[in-house]
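Okay, so here's the structure we're looking at.
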Amino acid sequence: MRKSKLVTFALVLSLLLPFSVMAGGKQEKEGAGAAETAEKVFTLGILGPFSGPSARTGKEFRSSATMAFEAIDWKIGEYTIKPVWIDSQSDPAKATQAYEQAVVQDGIQAGILNWHSSVAVACMEITAKYKVPHFFGFGATEVVNEKFHSNPDKYGYWMYKGWPTPKKLSVNYVQALEDAIEEGLWNPGEKTFAIYGEDTDWGRSFGKGIKEQLEKAGWRMVAEDYFPIEQTEFYPLLNKLKGINPALIAGTSTAPPSFSSFIKQADEVGLESLIVADGLGWVGEWYKLTGTSSNYVIDQIPGWATEAGKEFAQKFKDQFGIDPSPSSGGLSYDGTRFFIAVARKAIEEYGELSSESIYNFVKNFVWEGKWSFKDGIVMSEYAATPETVPDPVVGKGYYIFPVLQYFDGEGKIIYPPEWAVQKLQVPSK
Amino acid sequence: MLKVENVDSGYDFLQVLWGINIEINRGEFVALIGPNGAGKTTTLRTISGLLKPKGGRIFFKDELISNLPPYEITHSGLSYVSEDLNLFVNMPVYENLLMGAYIIKDEKKIKQTMEYIYELFPRLAERKKQLAGTLSGGERKMLAIARGMMSNPEMLLVDEPSLGLAPYLVRNVFDALKTLHGEGLTILLVEQNVNATLDITDRAYIIEQGKIVLSGKSKDLARNEHVQNVYLGI
Amino acid sequence: MKENTEVLKTLGDSILEYIKRKPAVPGAIAVTVVIAIIIGIAGGPAQVVNAIVAGGMWALLATGLTMILGVMNVPNFFHGESFMVGAYTAYFIFTPIHLYLMDNPNKFLSTIAPFAGFFAAAVIGFILGSILEKLVFYPLRSKTKERWVMNSFLLTVGVSYILSNGVNLVLGPNFRGIPRYWDVPPIKFFTIRLTVDRLFAFFLAMVVLLLLWYFMGKTRTGRAIRAVSQDEAGAAMVGININNIHTLTFSLGTSMAAIAGAALLFMFQAYPTVGLRPLYYAWYVVMLVGLGNVSAAVVGGFIVAFLQTATQQFFGIEWGEVVPTVVMMIVLIVAPSGIFGSEVKGIQEQ
Amino acid sequence: MIKSTGKASTIARTLMSRTGFSSSGIILIAILAVLPFIPPFNSEYILRWLVVGAFMAAQAVAFDLTAGFINVVNFGFAAILGVGAYTSAILANTGPHIIVQPGISPWIGIFIGAFASAFLGFILGFLTLRLRGLYAAIMAWFVGIALLGLARTLTPLTRGSLGMSPPSFFDTPSNMPYYYLALGMMITIYIVTKLVTTSHIGLAFKALGQNFDAARASGINPTFYRVFNFTLSCFFAGLLGGFYAHYFVSMTPKAIMHTSKSVETLAIAFIGGRGFLWGGIVVAFPFVFLLEYLRSALPQLPGIHIIIYGVLMILVMIYYPNGVAGFITELKKKLWRLRKPEKT
């Protein structure tokens, strides 16, 4: 009895202790903060899925953002950048809580990056509520654009997406396939397809987009399935698809464990359809998970187009021990540097680095197409026009993903024709 | 052989036994008699280690056992057949017996004991493969005693073997105990059937309200006025 | 000849007797067979084979869970975390060997390399089980037995949280997976294609269950475990050290979950919250067939697998959790102690 | 004069004891009420913690009504809270992403949500009626999983894991009004729960919780009391769910309805002391502060606060099953005993 009482007493003490420690500690912090303002600190929130099913992407985000800021010694003009890492955990509700906490507690003045569309949609509320400009927030789907356009004054704080709506990119798949059929490289027999994908804004938006485009090209849909983001067992689903045997299955997922399992198990059950797996290659180590079962799979992924890009990839690997993928590591690196460039211009233009100056610069210059970022390592130019906002300008010379097909872990570009290194190949049945 | 010294015992907040003293010599057949709720079962549970005494000490073969866990007490040669039998109801009879011999590692010896037990209780031999849960009341008592014997104990504690049995079955059980005693086993028997008990035992203790109130030769006790009034209804 | 018919007759009688006692059992089996046939017609034989292969694994998981429940009356909520620990162990043992083999191909070594992972998972699971039992459940048991089932259940919930978040803290949330254990082409059989990995996972589950059956039925210690599950006081009276049996049971149960985690690494991969779904599945099985009923858990594993496959075939993958849960709820209402009957004492306490 | 003040104080005291407030309880409430004006608690982010604290405390009280009295651990608590949240959020919806746009004010929706949850609690009460302890807990767990699955699957209504952004109660970024709303809800829930549990209904709960069969044999109708208990507890859960929806203004099924959320509530209620009601309140505030502090002070150790949850819960369960409230009660008794000789 005595011992247990002691234990509880210790428990109560341990519960109360942080109360007082915290009260003291926080005040100190506030004091320190006042001193720091003299040195001009800019607090920047960096949003990403640092834990949860897309943590691998989160790691690339964190690493590449760190690299971009280390290159400038965390200084823009006379401002020192203080990063606040906001973990979205791939869940919009958790992300908004974390984001709001970062705003009220850490006082972030601007935000950059993000991965999921659903997180983007939810966080747009917070950026609107606190008038915090957020930049390069990926989150591709139309829902983001719709929300943006429903009230640009309010939701315009979600300033620039860094990834166009999936439709704008998925049309390339349809074009590549149609070309192949025309050239007689592929004879799908009946033009049937099935849609699969993770049950998120992104997955559904991609599915909807490519479905419309395929149907327009005379294809017929025979099945549509969306699965929870953490699903890893697909045997029943794939067997069902095998029974239906569509000529093509197309879909996407942002969670590597789920996606690699899907591809692997599709091979195992002997699914004969051609597979479009949008985003399979978005994490550096996808081939370690899928092995040769990814052969013949079609994907869209930006490459390391420039020397600078290849250099970045090497440096990244040396520093963090993982292979960056152009679409997460590379794009987030570009996005971060895009932000740095914007911040410099904002100081130049308005004399200070603040939420307002960034918001105003982007609104008055970037949105109007008067200024763009041309120093990217993945895309040649990140621009916007009043028509595309908040999307980047898509097309050759701007933002474009080539379509490629995997063979033994290597992606061979098959579209657009001028970049193609080989033609579409179809497994012999 | 068994020495219970000033033992207090009970459950959580309820003390049942108050300074119990019992001494049993090797080869004796001793009864513990008393009314319901007097603490008979509590005494046996305390000796067998299922209950920890709150005070006092218990020695078995001159070794202190009151601080040992029940399984070690079994290992030291003391076997307990409880009132609710505690059989393994989803096991067949022979497995129950095998479990009784758990502390013996010599397979040969187990086999011998088992044969001896089957001789002693032919009913059990017939029902070898039947689940213990499906046996009749009398058969269960026999199985419990038999299981208690399987560990080749030097002393057996038996709790109310006659409870709920038809008279002729009671006789069977008592006969079995008598036979075992005849072969040199020390037995402490708790019973409510005072008449029959005093008939077969050497000595007896009378326990009332958690205290030993009388003890002595069974024959003498049977003539004791108090015992006659209270227990024998004469 | 005459003897034969007599044997058949007694067999028939005992089956009839069993059916009379537990009419739900043949009903459940009949329903499962019907589901299996429907799946076979709608999804082809491959779908049925899928369900059987998955069923083997759920059987292994559920058996570990129900054993701990039956012997110790601990409703284990961290069974999924044991699964996770097994998956991680196999990953960390197998991957270096695998990388080495990529540079130095060796047919023999690559055949046996996965076994190292399985074995290590079994051992680590066993050790984890014994440490947790001694550290958490033994103190509770020696403190008080009041409200034991509920209290121990809540303790396992706490342990589950500590384990999954602890692993998250130390190893990070990253997914660690392998392409496959044995890099050989799948086995083809009519329209059915099975990888060696899956086939072996099923095979391993069956072997472990068989070994367990032998251990529980034919060995002294196994019998002692059963004795403790049936009557603790009786077990103490015949000289069984109950604490040791508890620890052993707990370790065995944990180890079985860890083996399942290791065997399914190729499918589930290893990450801190990987255990959640296996935990659901194991509990479905256990609730369906009755708490603590070890032999029925094996049958239950297959029933649940068929139910899940049917759900995905006919309702779609997003209904994967809803339909089986609703079925379980109905079972709980109709037959609160499961269709095969519960074998746990003391679980009825408040 | 003296007499009448004496009378007034007696009345006050009976009222206090009936509603379950001791003088220290009143002081605690008073402190909580003025806390937002005292530095460092007046800053927005600490205010936010206070809101979460009051929210968790209220949850713990509602949870304890079932767990601490009729002894059924409701593992579907968070899911039922989520039903309240989703009902209110869908009713308030005006956006195009959900098929219905009723646009009902959150102030009305929150009550409709609470009634929806209460109805589910009513059903859950019947479902678990024949089940004891563990079985009932697991049934509630399964109901929770099924509800979570439904919320995920019915995407036209809930948008599933894509998440919903319901409108907020107040059009201000300040946490102040939310704090008083949460505090008010907490006190109301506590008073109602206390009134119920100190009446004969509470006795019946306890009797059913301790020994189901004996209680039934002595003429207590288990159906009524169990169903009533579940309905009331779930009503509160739904109310709190509505608060969640219109305070955090972003929700996914996983973030509110997951079993782990029920476990968080359970941990606070049990560390506080089951069957005491106020234990959860005493524990919730320091707990939320501790955890939030750890989360911000040790960002390099993600999830460390949950580990501490787990360890504390295990320690309390093993060594002090009556929790903090039990400890304080015993301490008070001891102090009383020490003081007594002085008085005489």
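Letters A, B, C and D name the chains as they come in the text, with residue numbers starting at 1 for each one.
To be clear about the criterion, a contact is a pair of C-beta atoms (placed from the backbone, for glycine too) under 8 Å apart; a residue touches a chain by one contact, two chains touch by 3 or more.
Nothing here was measured: the structure is a model prediction, and the numbers come from that model.
K.L.:
Of the other chains, whose C-alpha centre is the longest way from the centre of subunit A?
P.N.:
Max centre-to-centre separation from subunit A belongs to B.
K.L.:
In angstrom, rounded to a whole number, how far apart do the mean CA points of subunit A and subunit D lie?
P.N.:
Chain centroid spacing, subunit A to subunit D, equals 37 Å.
K.L.:
Taking the mean of the CA coordinates per chain, how far is subunit B from subunit D in Å?
P.N.:
53
K.L.:
Quick one: report the Å distance separating subunit A from subunit B, using the average Cα coordinate of each chain.
P.N.:
Roughly 76 Å, centre to centre.
K.L.:
Return the residues of subunit D touching two or more other chains; collapse runs of consecutive numbers into ranges.
P.N.:
In subunit D, residues 152, 302-303, 319 touch at least two other chains, as defined above.
K.L.:
At which residue positions does subunit B touch at least two other chains?
P.N.:
none
K.L.:
Residues of subunit A that touch two or more other chains: which are they?
P.N.:
Within subunit A, the residues that touch at least two other chains are 50-51, 199, 228.
K.L.:
Once the touch criterion is applied, which pairs of chains come out as touching?
P.N.:
A-C, A-D, B-C, C-D
K.L.:
Flag every residue of subunit C that touches subunit D in the complex, lowest number first.
P.N.:
Listed in rising order, the residues are 75, 136, 139-140, 143-144, 147, 149-151, 153-155, 157-162, 165-166, 168-169, 173, 280, 283, 287, 291, 318-322, 325-326, 328-329, 332-333, 336, 347-350.
K.L.:
In the complex, go through subunit D and note every residue touching subunit C.
P.N.:
71, 73, 127, 130-135, 137-139, 141-143, 145-146, 148-150, 152-153, 209-212, 260, 263, 266-267, 270, 301-304, 306-307, 309-311, 313-314, 317-319, 321
K.L.:
Show me the residue ranges of subunit A that touch subunit C in the complex, using the header's touch definition.
P.N.:
Listed in rising order, the residues of subunit A that touch subunit C are 50-53, 55-56, 59, 199, 225-228, 230-237, 239-240, 242-243, 256-257, 260-261, 264-265, 268-270, 288-293.
K.L.:
Over in the complex, which subunit A residues touch subunit D? Could you list them?
P.N.:
Touching subunit D from subunit A are residues 3-5, 7-9, 11-12, 15-16, 18-19, 21-23, 25-27, 30, 50-51, 85, 87, 91-97, 100-101, 104-105, 118-119, 121-122, 125, 129-130, 143, 146, 199-201, 204, 228-229.
K.L.:
Give the list of subunit D residues in touch with subunit A in this complex.
P.N.:
39-40, 43-46, 48, 96-97, 152, 155, 160-163, 165, 173, 175, 248-252, 254-256, 271, 283, 286-287, 289-290, 293-294, 296-297, 299, 302-303, 312, 315-316, 319-320, 324, 327, 330
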